[in-house]
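Listed after this line are the structures, all set down as structure tokens.
Two complexes, one shared chain (chain A), two partners (chain B, chain C).
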Partner chain A sequence: MNSSRFQMTSKQLVFFLLGTMIATGILTLPRVASKEAGPDAWIAVLIGALVPLLSLFMIERLCRQFPDQGFIDMSIELFGRYLGGFLVLLFMAYGLFFSAVVVRVFAEITVIYMLPRTPQYVIVVLLSLGIAYAAAKGAKVVGRINELIFYIFLLLLLLTFTSLRLAEFTYLLPIGDSGITAILKSSLSTSWAFAGVEILFVVYPMITRKDKVIKAGLTALGIALILYLIATMICLVVYGASLMQQVLFPTLGLLKVVDFPLIHRLEFLFLAFWLGFGARPLMNFTMATSFNCTGFLGLDVNKHYPKIVLVVMLITGIIAEFPRNTIQALQWSSYAGYAFLIIALVYPVLYHLAAMVRKGGDVNA
Partner chain B sequence: MLKRVGLSALLCLCLVMGGCWDANDIEDMTIPTAASYDIDHTGGQSTLRRYLITTLNPNLIPDAPKKYRIEAISGQTIGEIRSNRHFQSPRPYVVGMIQVNVFSKEVAGLGLRSTTDILYRSPAISNALMLAVATGRGDEIIKTRSENYQDVGYLLIDLLHNAKKNNFMVSTTLHELARCIFTPGRNPVMPALQTDGKNIIHAGTAIFKRDRLIDIIDEHETRSLVLLRGIEAHGYIKYVLEREGNVADVGTIFAKNSRKVEVTRQGDQFTFNIKILLQGPLVERFTNQPLLADPQALTEIENQIATDIRQEAEAFIEKMQNDYQIDCIDISKYALAHWRQELTPVIDKDFIDKADIKVQVKVKIINTGDLD
Partner chain C sequence: MRKLPRNARLKKPVSDTNKRDAVTSLPTGALPPKLDEALEVLRPWLDKNGDVIQRLFKVKGNPPIPAAALYIEGVIDSTEFNRDVLYPLMMHGLGADNENQSDYLINTILQTAVATGQITKAYHTDDVLHALFDGFVILLFDHMAEALVIDIRGGEMRSVQEPIVDKSISGPREGFVENLVVNVALIRRKIRDPNLVVYRTTVGQRSRTDVAVLYIEDVADPAIVAEMKKRIDEINIDVDLSAGYINQLIEDNPYTVFPLSRVVERTDIAAADLAEGRVVVISDQSPLVLIYPALFIEMFQTAEDYYEKAMVGSFWRPFRLLAFFLAVSLPSLYIALLSFQPELIPLDLLISMARARAMVPYPVVFETIIQLTIIQFIIEAGLRLPNPLGQTIGVVSGIILGQAAITAKLASPEVIIIIAIATIATFCIPNYGMAMAARIINIPLLILSATFGLFGFSLGWLLIIAHLSGLTSAGVPYFAPFAPFRFSDLHDSIIRIFLWKFKNRPASIPHQDQKRQGDGQRGGAQ
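Take a look at the complex of A and B:
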């Protein structure tokens, strides 16, 4: 294996995790968060961040015990060939499903806002080709692309501040009025927006400074949380919780509510950069799934990894075509959210238990 | 391998972009800038009413004799109207550039949900689209022949965009309408327009209960509404100062307004305290008496204006509570900000007419221009 191609600095890890977490989810999160929690949607987002936080710590503690082993080796060592193999396969299936949902929602938004007459599958194919090319270059390139796009994304997010001239701050009050049950219910859904942290299972062995993984993870999580809070609060004060339930992509809609001299339509400026921004989780998951797949099949990474990327991309594209319409695609994204909870929480717990049992067995021996 | 993938991607891109599904030549498009909505009464009796949409389309055909075209098409839904339009005007219709929509009084009275759904649903249409109500038919506004503008679309855009800069008037966008319709305790207002065939004027404000027009108030009541609702604007306010039963001074200030609302509660009795602040320069004064020689005069002017504005505002509140029985001054949100869960189910039912609403007005003349 060309080791440098699959090496990542801790700084790149920050952007890699951010790129996996923040994508189409930020466009729908305010609506999802306010469905139950209403004006307290931002509290739900805050609480929702506890799930990936817990997951981050558990995965890091686990991988620290197997610093030189990849996800596949670790799984097989802890669970044996068959059960371990099954768990790896399940993880890969999750990666494929997650990627498919991302590419489909991405294509739907592109069709709705930019290219209404272009068949949705054409967008999926075109995006997949570009993504396959980038992912085939390996973790280092993927990390750099993530970093570059993140800075562009920050500039784009600044555009949403322009809608604050229509802000109605009473929409945030009274704080906590929706009740703890509603907030907790909502926070379950908001935790899905942080899906992507579980990718650490795969990329951990690629990180050059293992001692900085937690710091990088926390930084990524902190930045994602701040950006999500900003998006949710702006949407809340501009739309109010009631109107927000009517809007499919409220964060994008923020750019439609203000008229600008000369530019007039800010959302088109946003959408011009949308291709790169929306594609990051797809690129990251494709890379991770392909890397896993190559290892699982026992193939030489240098020789076969790019081919596997193409196959993974093809399967992803096929799965992405299953939802019949936008509404079903969004339903699928909530299924991906549930799957995230399983992978991010159940997997680490299971692996930790297996590691403890194994350690106990070694002591007894 | 990677090179092959890259080349294939590039080839696909070239193929797809060359015959792009969404490619359109701007010269082949119809780009309406303003539209009006009326009820079409010519279609006879039907279970579903027919709408008539009149659009103003700047003519993009080079050397065309007219600078714009007016198209009027009817149908039972707005989508059907768009479809019918293409029987007589086959060019692609780009709705994204519409900047003003005028609803007839009749359409507004029936409720705007059905006519605005397509606007709000369409990603191409900006939510900053300006809305207005015609005191009569909407198409009369669109068909007004404006002599000073290229077409009436420019006049409407100008009139609605700049309304609040020099007078206490309202302006409403599609976003604001949706926000008021979907949020408990809120009701939209819209500028009302009137035409005599040659000119279009602001005729006051259309008051809505949710999406349904219930009244149109004149420009004097509009000032009270704007000040009470806290719509930030600039405008001229005339005063007549009396001393011992005689007119001592007449003049005008140019003020900007702001509003603060406090809400208190005793059991089920809610009290709103609205504080209106008007501040700006004195721009006109009939009396020659220098203000430096009569320092009390400025305070008297301020008090006089404050009293006038407060009395007008109280009269409007009385009308709102007794006649409209809805919150058109947008104060219920302050009660919701304290007791949202409790009040949401009842905020639109007899809440505002039972509330005690008090008004305080403060006027601050910040300068007197070049003269003292």
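Take a look at the complex of A and C:
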């Protein structure tokens, strides 16, 4: 029983990574991607996927050298007690910040679309408590929930295809017109949509079959890329690049296009299901941060983990209340995007360098 | 496997000294060989119990041996006792010579004079006393160190009848009864495999209830079997009256409304589950048996899903799952939509709803809760009253009360329809425990939806899913094959595919023997 609560199969890893990556991002990505790149937004999405791909490879290569040690032990071994401890703390702070942004943006969307008269902090509290319950059950159960919700979400994504009857495929043309620089600029922000791969740092020791990690990671990345491409493409052909800039959540707007006979407004149906789906990164990051935190404080995982989850959730909720309004909250989410780039790219490079120094240059063996 | 904290909690009252005393206060030690002395030792338990019969007689022979038969009235089969025990001993005895040593003599009696199947010897006073109150016949002979214990238990009991709870249209009409021996035999008749193991033990210090654990040795996962045996052996209560007691003491997680074991009355379901590698627990005096490990989806399966054609079986299943969903969420959904997201309801419907609602003086939440309470009263009343009266209550409350409530403008017709559908839906769930679970989680979901609309509704469902994903039954994930997702088991979940395609045993239940049936069955298809 001991560590089995924190075990994941490589199949669950696929859905765990997917759940961490795909969330609020899929609602805003088409707009963000087409801001600079226009009709070439989908190319920007493709290029944006290179960042997580690189990160994934580097993290896997690194963790392979420390298969069962976990993130904290690895950091301390490579950087020593103080610097390593600092890096772990920074990672935990990133996790807290990231979940805070997720919970806040989620609460904002809920207030705008569903509960206009409810104060946003009530939603934050309610959501945090609900997610804390799920996260406290450990990695195994979190992996299962991720998987189940992904399948439900896949069914919902089919609904967006209903808007295709309004599609104007000439919106995609001319290809490559916006220029390389614009596409590259866009791809910087599209890469944020893949934020979540860095969680592999924490979950790597939980995976039962280490040899399948890279395959699982690539599968997750591939599925995420395909789903993002589909969403971007559909939004592009339905709205066109310039009109899309006026829509806050273009993917959600797709569901407004079609009027079903019984269910009057489809986007509510989507939002009703969306809770589980949008809250997944929160659940996963809370799980990871709490796991790290328990290890960092040197506590027994089986005994103290659920309490730590509550504390982590409390801190997350407090951070989430810092942005003053929706605009600032969305601004914070772009800070989270930059933080992601640092954690996903700089961290692995730093760790690889340290490993190289420690082992006398013999790393990629 | 999960080490359960509740075991620690259970231990406490049992190590309580006065209960231990009650059991160990039986005289231990060997039985005195002389009949008078032996009876004298047993006297305190014989005299104070009016149902204990002492029959003193003499075994025919030269010289006649004084003997005593002790038994409990009504628990043994008295015809058999008179014909096969008393008659041969008194009328025929052992033949001529009774002068030999006692050890030899008792073997002779055992081998030649008593004409029953099950007979053993007992040496100790407490064994004899326990055997007597377990329902065996005790034979004591003068100048013999051992007593004979004869099993001719019988007496009045219910015969095998059609199950009351699990009805079936096209399956066998055979349900378990209150007798463990009969129940085990009913399963044996269905599975004649010599590898079907019946592990017997007793539970309850005072009730000494027989409990049997059944499993197929080369199919069931040994870890699960060992775990179930361990859990049952750890039970330490005074009286076990029903399988429900055992179920509460061995389930994985008491803090859940969902049934973590399958409780069935049908013999064919128990046999089918044994063949899938599960463990069946039978408690004496209980017509319900427990099946571990159980899955969430099983609570929506019935026996005739498998007896009818695959398409018929597949037709029923989605309706039951829909019934569960509606039973849990229809009232909540109604409140959430009406008070928070009326724009989701088509306009024409909304207008007629609003018109009806306008007459009702209190908020929709109260209206719903009042109706739910009334329905709960009606169900309860219908259960408690004798059958014909119960039906009257149904009619009176359903038609008259409902109609009157609408006319008096105490409730809108929509609420009554919603609550009625939700209640009927709970009756469509084949498993009683699951139906109750649906009725219970209805309430918190209702409160969440009434406070936060659709957001609260989906948060509630997220919690339900998280809760279900974390549950285990005998250490096996309860919500499989959905979470963890097992594609190979989906063929028997929301739908049920052709029987000849059930090649392997379900992956969700750990087992040893993967193959369930051979290839090359045509299934009538080609």
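Just so we're on the same page, the second predicted complex is superposed on the first by the 359 of 365 C-alpha atoms of A that agree within 3 Å, B and C clash if a C-alpha of one lies under 4 Å from a C-alpha of the other, contacts with A are read in each partner's own complex, and residues count from 1 in each chain.
Throughout what follows, a residue touches a chain if its C-beta (ideal position, glycine included) is under 8 Å from a C-beta of that chain, and two chains touch if they have at least 3 such contacts.
This is a predicted model, so every value here is computed, not measured.
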Which superposed partner A:Ala272 touches (first chain B, second chain C, both, neither): second
Which of chain B and chain C A:Ile318 touches, first, second, both or neither: neither
Chain B versus chain C as contact partner of A:Tyr133, first or second or both or neither: both
Partner chain(s) touched by A:Tyr239 [first = chain B, second = chain C, both, neither]: first
Which superposed partner A:Ile226 touches (first chain B, second chain C, both, neither): neither
Chain B versus chain C as contact partner of A:Leu50, first or second or both or neither: neither
Contacts of A:Thr110 with chain B and chain C, given as first, second, both or neither: second
First, second, both or neither for A:Glu168, with chain B first and chain C second: first
Which of chain B and chain C A:Val346 touches, first, second, both or neither: neither
Chain B and chain C contact sites that coincide on chain A, given as residue numbers: 114-115, 118, 126, 130, 133, 137, 264-265
Chain B - residues contacting chain A, complex: 1-2, 5-6, 8-9, 12-13, 16, 20-22, 96, 120, 123-124, 126-128, 173, 175-176, 178-179, 182-184, 333-334, 336-341
Chain B contact footprint on chain A (complex, rising order): 38-39, 112-119, 122, 125-126, 129-130, 132-133, 136-137, 166, 168, 170-171, 173-174, 177-179, 239-240, 242-243, 246, 253, 256-259, 264-265, 306-307, 310
Complex contact set, residues of chain C against chain A: 1-3, 340-341, 343-347, 452-459, 461-463, 465-467, 469-470, 477, 479, 482-485
Of chain A, residues touching chain C in the complex: 1, 9, 12, 110, 114-115, 118, 123, 126-127, 130, 133-134, 137, 141, 143-145, 147-149, 151, 261-265, 268-269, 271-276, 279
